[in-house]
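These notes concern the structure reproduced below.
A, B, C and D are the chain letters, set down in written order, and residue numbers restart from 1 in every chain.
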Amino acid sequence: MAVIFELAVQGAQMLLVLLLAPLLIGFVRKVKARLVRRQGPSLIQPYRDLARLMRKEVVLADNASWLFRVTPYLIFAATWVAAALVPTFAAGLQFSWTADLIVIVALLGSARFFQALAGMDVGTSFGGIGASREVMIASLAEPAMLLIVFSLALVAGATQLSTVAAFMGSPEVGLRVSLGMSLIALVMVAIAENARIPVDNPATHLELTMVHEAMILEYSGRHLAMIELATFLKLLLYVSLISCVFLPWGLAHAGAGPKALAIGAAAYLVKLAVLAILLAVFETAVAKMRVFRVPDFLGAALMLALLGTLLLFVSRSL
Amino acid sequence: MTAFSFDAVAAILFIPAAAAAILAALPNYRMTAVVNVIASLLTLLAALSLLVTERPAPGQYLIVDDLNIVFIVLNTFVGFTTSVFSASYIAHELETGRLTAPNLRFYHAMYQIMMFGMNLAFVSNNIGLMWVAVELATLTTVLMVGIYRTHEALEAAWKYFILGSVGIALALFGTILVYMAAQPVVGEGTNAMVWSVLIEKAAHFDPALLSVAFIFLLLGYGTKVGLAPLHAWLPDAHAEGPTPISAVLSGLLLNVALYAVLRFKLLLAASPEAIGPGPLMATMGLTSLIFAAFMLYRRRDIKRLFAYSSIEHMGIIVFAFGMGGPLANFAGLLHMVMHSLTKSAIFFAVGHIAQVKGTQKISEIKGLTESHPGLGWALVIGVVAIAGLPPLGIFMSEFLVVSSTFARHPLLAIPLVFGLLIAFGALLLRLTSLAFGEPRGGTAPVEASYAPMYSHLALVFAAGIYLPAPLVAWFQHVAGILG
Amino acid sequence: MISIVAFLLCGPAALLGTAILAAAVSRRASATSLVYGAALAISVAVLAIVAGHLAGNPGEVSAITLPLGLPWTGARFRLDGLSAFFLVVVNLGGAVTSLYGLGYGRHESQPHRVLPFYPAFLAGMNLVVLANDAFSFLLSWEFMSLASWALVMAHHRDEANRRAGYIYLVMASFGTLALLLAFGLLAGPAGTYAFDAMRTAHPGLLTAGAVLALMLLGAGSKAGLVPLHAWLPLAHPAAPSHVSALMSGIMTKVAVYGFIRVVFDLLGAPAWWSGVVVLLIGGVTAVLGILHALMEKDLKRLLAYSTIENIGVIFASLGLALAFKANAMPSAAALAFTAALFHVLNHSFFKSLLFFGAGAVLTATGERDMEKLGGLIHRMPVTSFVFLVGCVSIAALPPFNGFASEWLVFQAILQSPELPQWGLKVIVPAVGGMLALAAALAAACFVKAFGITFLGRARSAVVGQAREVDRPSLAAMAVLAVFCLLAGILPGFVIDGLSPVTLSLIGESMPVQTAQPWLSIVPIAESRSSYNGLLVFVFITISASLAAFVIHRFASHALRRGPAWGCGFADAVPAAQYTAVSFAQPIRRVFGGFAFRARETVEMPAPGALEPARLKVDIHDVAWETFYQPISGAIDFATERLNHLQFLTIRRYLTLVFLYLVILLLVLALWP
Amino acid sequence: MNGLTFDIAHLLAGSLVLVSFMMLYQDRLFALINVFALHAVVLALSVAWQAYIQDAHHLYITAAIALVFKAIVIPVGLHRIIQRLGIHRDIETAVGIGPTMLAGIGLVTLSMVLMLRVTPEADPLAREDLAFALSIILLGLLVMVTRRNAVSQVVGFMSLENGLVLAATGAKGMPLVVEISVAFSILIAFIVIGVFLFRIRERFDSVDVGALDDYRGERR
């Protein structure tokens, strides 16, 4: 019985992330629009876009191979699984031990791998640009991410997200410089990974500085829908990652009852809203940077993460 | 039994001498070649009979013990295979007109005299007699080196002769000094020159005299071993003489001189206060090794290349004996045997190559494994062996030398390894250009037989994998004698 | 009862027999299938024996001494857990490669230069793994090098190959001499060359340090540690592709075996700083190797460089194991050591697979230069699929095997806070960062490798007549691809298979994994970290197919082919695609500066001139310029100087003799 | 033995060294050969004296050999060769006379030092003889080293052999085999040299080894 319930909760989480992801995007866009005193599209616009794309027929480049057609589903699946494994409203779910933080990072990595390949498949120069820049960014973002994982793991003694969250929720954490550094680094990585301003601009096309959009330039119809959805999921994933590691309050724990779960869900929504607003404000405040400034940006993240890790040794109390 | 075995010793000396006389008389060159081969074969058989029969007590002039049997058997064996090789080689030289029939008569007679001299040097129990024999062998080779009478050959022979006779003189003085040292103890007369007597009484000899003597002997015989910086004659003599002689020089004559040095090393080792022969020999060995290794790089003449590699290996051997101790001595003996076999095999190959390609210039010989697979791969195996790669014999001896040295004197092993590596680089560089790449030079097939070459290589290969127990025991005993 | 080693030795013996036979018949048409068939059969047989042994009593050790090799030591051979594992690696690789060779070998232009040496090479590797005394070990080791050298020289008419072979063999014998010295130290003046004797004799700290350094030189030069790697990217690609696969996938592992055998087994308890050294070298090797790979446009060279990276990963985790072992943290040490061995196995899988793929491309197009390839996915669907699997695995992406082992390495790194020494505390996470960087760069590198070679449009005409390769080759590649997946989703079995080895060398092994629910792997405790490749795989497949199904079923499945959109730009020539070099450009911009003093110069034509502007990129191999060129320069100088001694007059030679005599006499005069 | 015999032997040996020194500063070939003849004569004397005091009669043979071959036959032969080759006017020292003399003195002291280390209870006459012989040998080598011309190198070589003979005769009761071998080797040496000079005459215009040396195996 309990197992059934656990499974149900797990399934609920999977569906939840799937459903929430477009909403989060819509919310961010709305807030950004309001910040520049525009009306902006409605919150559910992303859902509409996805539905429209799915109904449209696919226009496939003559040169596209089977890989090009499979990739969207792979990207979506990998991102979805990753997102579903991050504790949102409850930790220690049935399958949470399937993957720890490192695996989640790696899953996103494989999604990116295939996306870059798909970008090169058709053989236009834009795809190449996108792919090569994407891997460059990733080659800096991933180590940074792993170092963040290290410092978290060194604090919490685990890479298991549920455990980390539980530990961060517990009082003995206190305020630590290294954690602060990791947080900043994590935010920077998240921005880079989700192709947000200032690293990349999700709203533009036909700009030689674009990265992510350049890779998916040849996609259309349901394929594009899958990729878009995956992008939304990725953003949600990072937001909920930050929230579950650095704002673990109200997170329901393994084997918790419906009441705790409800509280967790509510808390989760609040966290999402707050972080989304912060993101929107940040994006409106700063400007897009040149592509070859991005390494410096990520290099800073890398250094911060490393510093955070090393500080842990210098003094346990920092 | 004793009588028979003593006859064996006599035979080793008599057969070559007689053969030399006959050959000097015979006009027909095919005949002479055949006689030469037969004589060498008989000598070899006589030498082998020494192994099975019991040995005579050492006399005033002749001795047979474990130490020199190693050398004798090796000497007669290589002498035999070389005579086989030289038969075909010389025939070709005759066709190309580089040699004339009278030359040839002279050549074969000299060949046997040389064998006689070397065997005599090995079996002689009298340091004076040994000296005479070594000089005899040397002088005959001088004449053979000059046999082509070309400008280069004459110069090589002249260089060989001058440096050689200085060596002769120094060695003789050393011998006299040894006698002087022995005379107060042993008493006047021949006994004071009989090695087996000396070695017993050596402890009481005057150490200072012995030390001076050893230096002269080391330099004198060392000149013939080809140790740097006394080596100057060696490369040219190898390069300009007929290839069979190069093979014999590298494979045998160097050993004769080495044998002499070893005998006197024993003498000196027996006298505690005298100067230690080990450090001297080790130093000379290392110097020769490293020097030769560097000299290998800029060689343009294929025979000169391998001549320098002989210097290198003599350096290793002398170094090993200088280090002393059962392991190093064993390694030294093994290395000497393996080097003789391999190097003569290489010279056989080189002889064929030079004849089919019509040149000795390395730059004009390429892609042998394409144009002459049998020859090319033999050269590859030979060079791989001489460079000390497994599974061939020299690897085993180098393994023993290097590892035992490093365990005892790490600082000595570093230059040793350094030299080995440098030499390896040079040999491999030349091998790559000789055996591989676009074939260049003549492509006429070789009509001579590869039998001597491949038999040597087969032996070396077998030794690298498996040494028969009796051989090992014997070598270990000899290594024990060498201290 | 004959010990199992005797059975196992029949393998190499048979292989050598095959080699001799091959030398005899190599010019016949049937020789190819004969040799590779025999090699395949023998490898499988050896595998079967080892498997039986492991299934029966994995811990059991059996030894034998043959009256060969070094007298008074004899040729000793021994089968224990470690050698059993590496036997599996070697013969698995050997079997698959032979299978591949059955097809690939038919395209060989000069079979008589390959066939005799191929079985010899396999035999050499088998013997190295079984050897139990210094002499047989070195003999087999160098024999292995020699055979592979002959294979590198197979296409000897190409100047580059000759150079590669030369550098290779020189480096190899350099390594052998280093090992020789190491064994000399271990054997001691008495010359006890048997490993059993060395195992019991515990050398002092200084000796141990020297041996470690020598092993890093000897085994490291064979494995390709920076800066001893220079020969590797030259030699591995020069050989025929299946041999490249053996050299890169298997022979480097044999080198790792040598290192483990001496440092973990014979040398006894390590000192903590030895861990530091190995760690740092490993990390640097990993990063530099993969950066070089990224700069390559020759497919096989790229693969060779990526081998260097993986070797770096392996050595880094071996270093971790040393550090933990030195600090009496057996469980952590076991974790790191298992990770290393696991990665050894995985790399042998995917690197062979990738080289096979490169070989297939080579047969189909005759090209190794990626700049001339592209779009092969349409012409060689199967090859491109398996190659993709290889790329995903080597890029350490879940759920494939590369990720499983790298994950274990990271888990081991996360044990570092328990280490007492500050040096280690600080260095281990830094190395962890390096490894992470290397992993990310590897992903980038193989996006490039696959993308440029197989995707996009054909960059030259050679792609036009490319055909899918023959069945044996495809079969070999498919087998390896399956292995990659299986090892990725069922890592628990591999880890448990490795436990006897770790138990014998570390003294402890990882907890039993296959007992875990849902077959997930749990290095320490589930609360700390866990990974379940199987479930990840299942989830991804389910959700992907689910999404596909739902959309096709309820939304549209209409599809129309059209010209590429490319932001409305007219269909440009294929040359306008991204090339290998341009793909690497951003990363070159980031790392090129310090890694290889990369410099980009734009040559603008004179105003009004018609020729195009050119972008020139020059990259330097720093290791080559810092170490190798000075050495060769020095040798050159020395030879030039000494060479004058060949040209003296007789009188001067006499002077030499004379002076030498006088000097010796002086020495004697001054002798106390 | 009484002092007189010792002094005479000493005197002869010493004068042999002196003659070697004279050889060092000859720069004309003829002069050199003449001095060598003198050298041989002195050698013959000292050998004869040794034969007398050791009353070892076989040594008289050696003395005769020395006198006949070295003092007469060879110098005459060399004169012939020189005239035939027309090189008698050569000035052919490679190193200046002064340095050569200094080196010679150094060598003599060196050999003295070496030999006096020999334990005194060895026969003193033998010791002195050895010391002189050693210095003669070294001086002979010095001659060979400092001369460019083949003939003078041969001369130097033979003076070296003289030193050997002196040493050998000084060694009491040394079997005849040695002297014979010495003479034997010199004979062979002379024959071979003669053969060589002859051949070289065939090929080049001079016996100057320098002419040989222009080709040194591998020209660069």
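As a convention for this text, contacts are C-beta pairs under 8 Å (C-beta built on N, C-alpha and C of every residue); 3 or more make two chains touch, one makes a residue touch a chain.
Since the structure is predicted, the reported quantities are computational estimates derived from the model, not experimental observations.
Engineer: Looking only at C-beta pairs in contact, point me to the busier pair out of A-C and B-D.
Structural biologist: The comparison resolves to A-C.
Engineer: Between subunit A and subunit D, what is the separation of their C-alpha centroids in Å?
Structural biologist: Chain centres of subunit A and subunit D, defined by C-alpha means, are spaced 100 Å apart.
Engineer: Where the centres are mean C-alpha positions, what is the separation of subunit A from subunit C, in Å?
Structural biologist: 35
Engineer: Centroid of subunit B to centroid of subunit D, CA atoms only: how many Å?
Structural biologist: Chain centres of subunit B and subunit D, defined by C-alpha means, are spaced 31 Å apart.
Engineer: Averaged over CA atoms, how far is the centre of subunit B from the centre of subunit C? Could you give it in whole Å?
Structural biologist: Distance between chain centres, rounded to whole Å: 44 Å.
Engineer: Hey, what residues on subunit D touch two or more of the other chains?
Structural biologist: Residues 114, 117, 141, 144, 153, 209, 212-213, 216-218 of subunit D each touch two or more of the other chains.
Engineer: Provide the list of subunit C residues touching at least two other chains, using ranges where the numbers run on.
Structural biologist: Counting only residues that touch two or more other chains, subunit C contributes 643, 646, 648, 650, 654, 657, 661, 665, 668.
Engineer: For this structure, give each pair of chains that are touching.
Structural biologist: So the chains that touch one another pair up as A-C, B-C, B-D, C-D.
Engineer: Where on subunit C does subunit B make contact in their complex?
Structural biologist: Subunit C reaches subunit B through residues 67-72, 134-135, 138-139, 142-143, 146, 153, 156-157, 159, 162, 165-166, 169-170, 173-174, 177, 180-181, 183-185, 187-189, 191, 193, 635, 638-640, 642-643, 645-646, 648, 650, 653-654, 656-657, 660-661, 664-665, 668, 671.
Engineer: Subunit C touches which residues of subunit B in the complex?
Structural biologist: 158-159, 162-163, 166, 170, 211-212, 215-216, 218-219, 223, 229-230, 232-233, 235, 275, 280, 291, 294-295, 297-298, 325, 327, 367, 369, 384, 387-391, 395-396, 399-400, 402-408, 410, 413, 417, 420-422, 424-425, 428-429, 432-433, 436-438, 464-467, 469, 472, 476
Engineer: Applying the document's contact rule, which stretches of subunit B touch subunit D when the two form their complex?
Structural biologist: Touch list, subunit B to subunit D: 126, 128-129, 131-132, 135, 139, 142-143, 146, 149, 151-152, 154-159, 161-162, 165-166, 168-170, 172-173, 175-177, 179-180, 183-184, 188-190, 192-193, 206, 208-209, 212, 235-236, 239-240, 299-301, 304.
Engineer: Hey, which residues of subunit A end up touching subunit C in the complex?
Structural biologist: Going through subunit A, the ones touching subunit C are 54-63, 65-67, 73-74, 76-78, 80-81, 84, 95, 97-100, 102-103, 106-107, 109-110, 112-113, 116-117, 120-129, 131-133, 135-136, 138-143, 146-147, 150, 153-154, 157-160, 163, 205-206, 217-218, 221-222, 225-226, 291-292, 295, 302, 306, 309-310, 312-313.
Engineer: What residues on subunit D touch subunit C, complex-wise?
Structural biologist: 94, 107, 110-111, 113-114, 117, 138, 141-142, 144-145, 147-148, 153, 209-210, 212-213, 216-218, 220
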